[in-house]
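Labels run A, B, C and D following the written order; every chain starts at residue 1.
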Amino acid sequence: MEPKIRDLRNEIDALNLEILEKLSQRAAIAESIGELQTAAGASHYDPVREAEMLEALTAANDGPFDDATVKSLFKQIFQASMHLENEADKKSYLTSRRADGEDTVVRVRDVPIGGENAPVLIAGPCAIESREQVTATADKLAGVGVSLLRGGAYKPRTDPYSFQGLGVEGLELGRAAADAHGMGFVAEIMDARDLPAFEAHVDMLQIGARNMQNFTLLKAVGQSRTPVLLKRGLSATIQEWVMAAEYLLHEGNTNVVLCERGIRTYEPSTRNTLDLSAVALAKQETHLPVVVDVTHSGGRRDLLTPLTKAALAVGADGIMLEVHPNPAVALSDQKQQIDFETLDAYLEATGYAKALSRERHEVYGF
Amino acid sequence: MEPKIRDLRNEIDALNLEILEKLSQRAAIAESIGELQTAAGASHYDPVREAEMLEALTAANDGPFDDATVKSLFKQIFQASMHLENEADKKSYLTSRRADGEDTVVRVRDVPIGGENAPVLIAGPCAIESREQVTATADKLAGVGVSLLRGGAYKPRTDPYSFQGLGVEGLELGRAAADAHGMGFVAEIMDARDLPAFEAHVDMLQIGARNMQNFTLLKAVGQSRTPVLLKRGLSATIQEWVMAAEYLLHEGNTNVVLCERGIRTYEPSTRNTLDLSAVALAKQETHLPVVVDVTHSGGRRDLLTPLTKAALAVGADGIMLEVHPNPAVALSDQKQQIDFETLDAYLEATGYAKALSRERHEVYGF
Amino acid sequence: MEPKIRDLRNEIDALNLEILEKLSQRAAIAESIGELQTAAGASHYDPVREAEMLEALTAANDGPFDDATVKSLFKQIFQASMHLENEADKKSYLTSRRADGEDTVVRVRDVPIGGENAPVLIAGPCAIESREQVTATADKLAGVGVSLLRGGAYKPRTDPYSFQGLGVEGLELGRAAADAHGMGFVAEIMDARDLPAFEAHVDMLQIGARNMQNFTLLKAVGQSRTPVLLKRGLSATIQEWVMAAEYLLHEGNTNVVLCERGIRTYEPSTRNTLDLSAVALAKQETHLPVVVDVTHSGGRRDLLTPLTKAALAVGADGIMLEVHPNPAVALSDQKQQIDFETLDAYLEATGYAKALSRERHEVYGF
Amino acid sequence: MEPKIRDLRNEIDALNLEILEKLSQRAAIAESIGELQTAAGASHYDPVREAEMLEALTAANDGPFDDATVKSLFKQIFQASMHLENEADKKSYLTSRRADGEDTVVRVRDVPIGGENAPVLIAGPCAIESREQVTATADKLAGVGVSLLRGGAYKPRTDPYSFQGLGVEGLELGRAAADAHGMGFVAEIMDARDLPAFEAHVDMLQIGARNMQNFTLLKAVGQSRTPVLLKRGLSATIQEWVMAAEYLLHEGNTNVVLCERGIRTYEPSTRNTLDLSAVALAKQETHLPVVVDVTHSGGRRDLLTPLTKAALAVGADGIMLEVHPNPAVALSDQKQQIDFETLDAYLEATGYAKALSRERHEVYGF
């Protein structure tokens, strides 16, 4: 390398350290301001102040950077400082994985989800259609060791003329079917005004994909202490999904289980595209349990077994699955619910037959 | 062509007509069944009956089609018959374009949207932040001929710690600012329980993209008679969007304006991808007015003018636009709201300066 | 049920069987025509003939179906018939899973991919940058039991001013590094004209995502007998991906391994969205081996281990992984290549440390 | 505001200016280094040097920023400096809109595309199927004032068993049909080896969506001087599309017209989603003409007119359209090509009937 370049690089090295020093001084002062603001109950973000600083800087700028570059560099510096201030407030998100790395375990009735517990299986019909249907399903599921029964009483349907669920009667039927076997009962809530009825009947409140950013519902359910299963929205980013969980925790409900159910893409072979990277990232960046709805993600019976294996291997804390005594006559999701015989084969093929009675590490070694 | 093939083709031709005759007979009988079912209040769809018919057919099938093909062909036939039955019920969707081809015109206060009316402009800040801010905006907008003021009082925010709107106070401030100039006031409703407060203050209820499939909210707003602006969901299909409008009409509220606001795609240069085909299709397949939110679709100030031109050319009945006295200090959407000076340039460049005072056909000739 | 309805349903049942009989007769005649056409070297699809038949049918149609429905139903019938004719030709796709259910095993040098063989690991730098770099990598990989070395000599780069690869020199360096350990060498080919040079140096030709529908390249590579690794396109459907493989098999190259590498979606946390349903479906619907590129799918080092576990659990026949002696100074993909130390941890965490020396079923039990 | 905060803010203001001064000094030195590197033919990007600087900085870092933040801030600074160096090289992209704001006008035979010229119409069959077909189409098109004939001789087909085009014979037929009316002829090239044949027969080389990142083809076509129509890839970002054009310009072919043709999204109602924001951005950020393929974007005849209006309103320099004497019997794209009668209606409805004989500004006023 040319000596000339070497000399110039030495000058750069010295300047780097001087810039670092100034940046650190600036950050320390910003921290002090942040503390005063927190004490006064004020926000750290003051766009007018930012605008003034940027104006002063571009007024003073003689190049060689153009003003846009100067603004951009200083915005990075402002943000880094504000990040420090926010951290100082310990206002880091309640959903964020904590320093101790501990996983939250959510208990639905007496069933633990998350942590080192064996992966859970939440199963049942898409919609509760009759006493016979839900009872037969619960009997079957209890028989094979499943302890959480799902079943919709209020159904979000694209078409207003489709079957909308049995309502409170559905909740009562589900509760009775679960109680016959001491199972936990999970059902989707769509309206904050129904919360008392749900709290009286269910052990876990499901928030569906279409309501993931129904902030009104999130705030109401956040005030409950009943565990929540929060599905990822049809095309929600991972960040948006975690922020929806943050609404629940912020309101005080810490019993939150995330549920990946596939995202909307261009691929026509599957109803949705299961995003297992999202499961890995949600596990990594939050302390919450994550389960995978294998029924809605693929929308195909022939994918239930491979997707279950993959979901458990990636680290999911459980699986959600639609089971119906006679899928061909179901009032919804005819094509993707499985019958009891198929369920038996599924439990065998996925290793769940064993998992439902043993510890996680015994079954899924690696 | 070989004579042998010609003979065989003649046989096929004869069989085609025989099949058609049988299909028509079958359809006529199915219609009669449909009428009896309708009289008895029963659904036309009976999956058990379908399953039995398919079983009988595959039992009788000796080839050359395999059973799967036989099932598939007959399912098409069943569906075609059921479609006839449904049509006979005149249960065609309330949103569907009617035979007369007439467009619905929705009146917000005294401002007509749709049909042959000049394209409307709905403008105002993302969120109402203070009396000064919304008053200044309304003054400006009224001055340039805009008659519909938008402004959020309840804001759907991804992050629970972001500014969530002023609530009822925001509604009051918006109402007052609009009243000062006889403008209509449009604000987003997020919770069915807030409907009375909204009905007391706004002239048009906005349902946001995140709530497009909040069926609880749709049903509540459908019971109102206040006009509704229904945004397309982040990744809703056109069909789902129209079905969401169907919920509103089904409940009795016929004053529905659809609003395209871009869909979520992989493209990073724009916040969303404006889907103008959806505007053309919504205009073609429904009788409802359609407006385009050019602020959220592109998420970029430099696209407001070209996207507005394109939206009006494709047939949109109006534009929604975010305007703020000082976007740099806005509490939300800093990057995409425009200031008053930019608004003037926009009105000139898009032809709106003229359009706001004249008939549609005078301004947009083709 | 009303007796009237029961009677009408009996009539329907009888008509169903009559329609089936006519359809079967029609299909048998169509098969005869198909045989004559095949003998004459003619295509089965004759759009003019189809148009004439549809015209005759709609001319004869007196309802109750409207003409569009009649056309649609008969198009289904035509297609079912043509499908029969095509099957009779045994022109079913060469990629389709055969009746015997047997998996194709592709041998790269002496390394078998697919079937019951232990999952393979194909690893190496994104681009071959120097003799030192590729030699160090091959030494390391051979040391831990990896037998297939990857490394790009021609790089598809979005920007024409980015590093484009060393060309033939890169092929020579890769070959030498692989030979030192008896490894197989895999490199991406971008131009049909380079085929002789590749055949002289590599053991497996990679077709990259951007070239998945470069039909010219597919045809050329199909004429080779060197094994091919065919990546799924950035936003290719599973069907398109399999059809791209069909081009290769159709030209005579049966040594094809499919490679899923994530698809383009709206999600910003990952470079692409790994679609493991596609792996399950490709395994189910074709007889070809399928491997997963975990480097490009997530684009994040922290996802390599969980995505590998999931890919193997879903049934992938191997993994592709980018490894570089010093990723920070790599000329491409700095953020996603891993160094040697991280490789060791990865092999341990994924179970590959064991898998590289044992049979598949020994390692991945379920 | 508390006096304490005011004092601290003054300190921050002073530090801001000091940091700016240091940054400017650093940038000036970096520029000098850049000049020396350019003189020596060396790249400005030296990852090893960057890694060393970052190491020195984190070694010196005593907080309050953590090391990751320090690295991130300095990477921004490095990049801003390198950007300056690259600009100094005047290596700004050849496709970028120049300071003078002038539009490039590409001439295909004697037809100008771009700038202030009336929007062009490029029309013709998807594939050239026979002399009769292409001659009839050219006769019709010439009769209504269209001067550019399109028609495929080599067709990119997903399925290897689909019609692949007539090859050189197709080029000859298209050339003859165009010559009969003095029209320009546009056809898609798929293989660099076919370039001589294309240069002998066509006036404009089309690069199809599936080949947009076939860099081999881009480089070959870039060496030609025949005008190029470069379609956007199925799911290419705007940036990737422009970079593909940069390959062409970099090789010396400046006669490049960009063609938007819709992107792949989840929406099933349209074959692709037309992205008119991309047209606006391509016009804004490059100096190249941009046309819109309305046939492939919607994939529906009923959208051709509204999408054409929108495309022209957003600023497109022309439209590409598939026309066929009898679409029902076409060998490809049966559902989206239009017949001659529909063409007449289209020309009238879109204003093209007038536009084909007049200046742009006369027809499209705003």
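In this text, a residue touches a chain if its C-beta (ideal position, glycine included) is under 8 Å from a C-beta of that chain, and two chains touch if they have at least 3 such contacts.
Everything numeric in this text was worked out from a predicted model, so none of it was measured.
In this assembly, the chain whose C-alpha centre lies farthest from subunit D is A. Across A-C and A-B, the chain pair carrying more C-beta contacts is A-C. If you average the Cα atoms of subunit A and of subunit D, the two centres end up 38 Å apart. Subunit A and subunit C have Cα centroids separated by 31 Å. Remark: subunit A and subunit B have CA centroids separated by 29 Å (rounded to whole angstrom).
Counting partners per residue, subunit D has 235, 239, 264-266, 268 as the residues that reach two or more other chains. Against subunit A, the residues of subunit C that register as touching in their complex are 235, 237-239, 263, 265-270, 273-281, 283-284, 297-298, 302-303, 306-307, 309-315, 350-351, 365-366.
Subunit C contributes residues 2, 4-5, 8-9, 11-13, 15-20, 22-33, 36-37, 40, 49, 53, 56-57, 60-65, 69-70, 72-74, 76-77, 80, 83-84, 235, 264-266, 268 to its touches with subunit B in the complex.
On subunit C, the positions that touch subunit D within their shared complex are 47-48, 51, 91, 156-161, 190-193, 210-211, 213-217, 233-235, 239-240, 243, 246-247, 250, 264, 328-330, 334.
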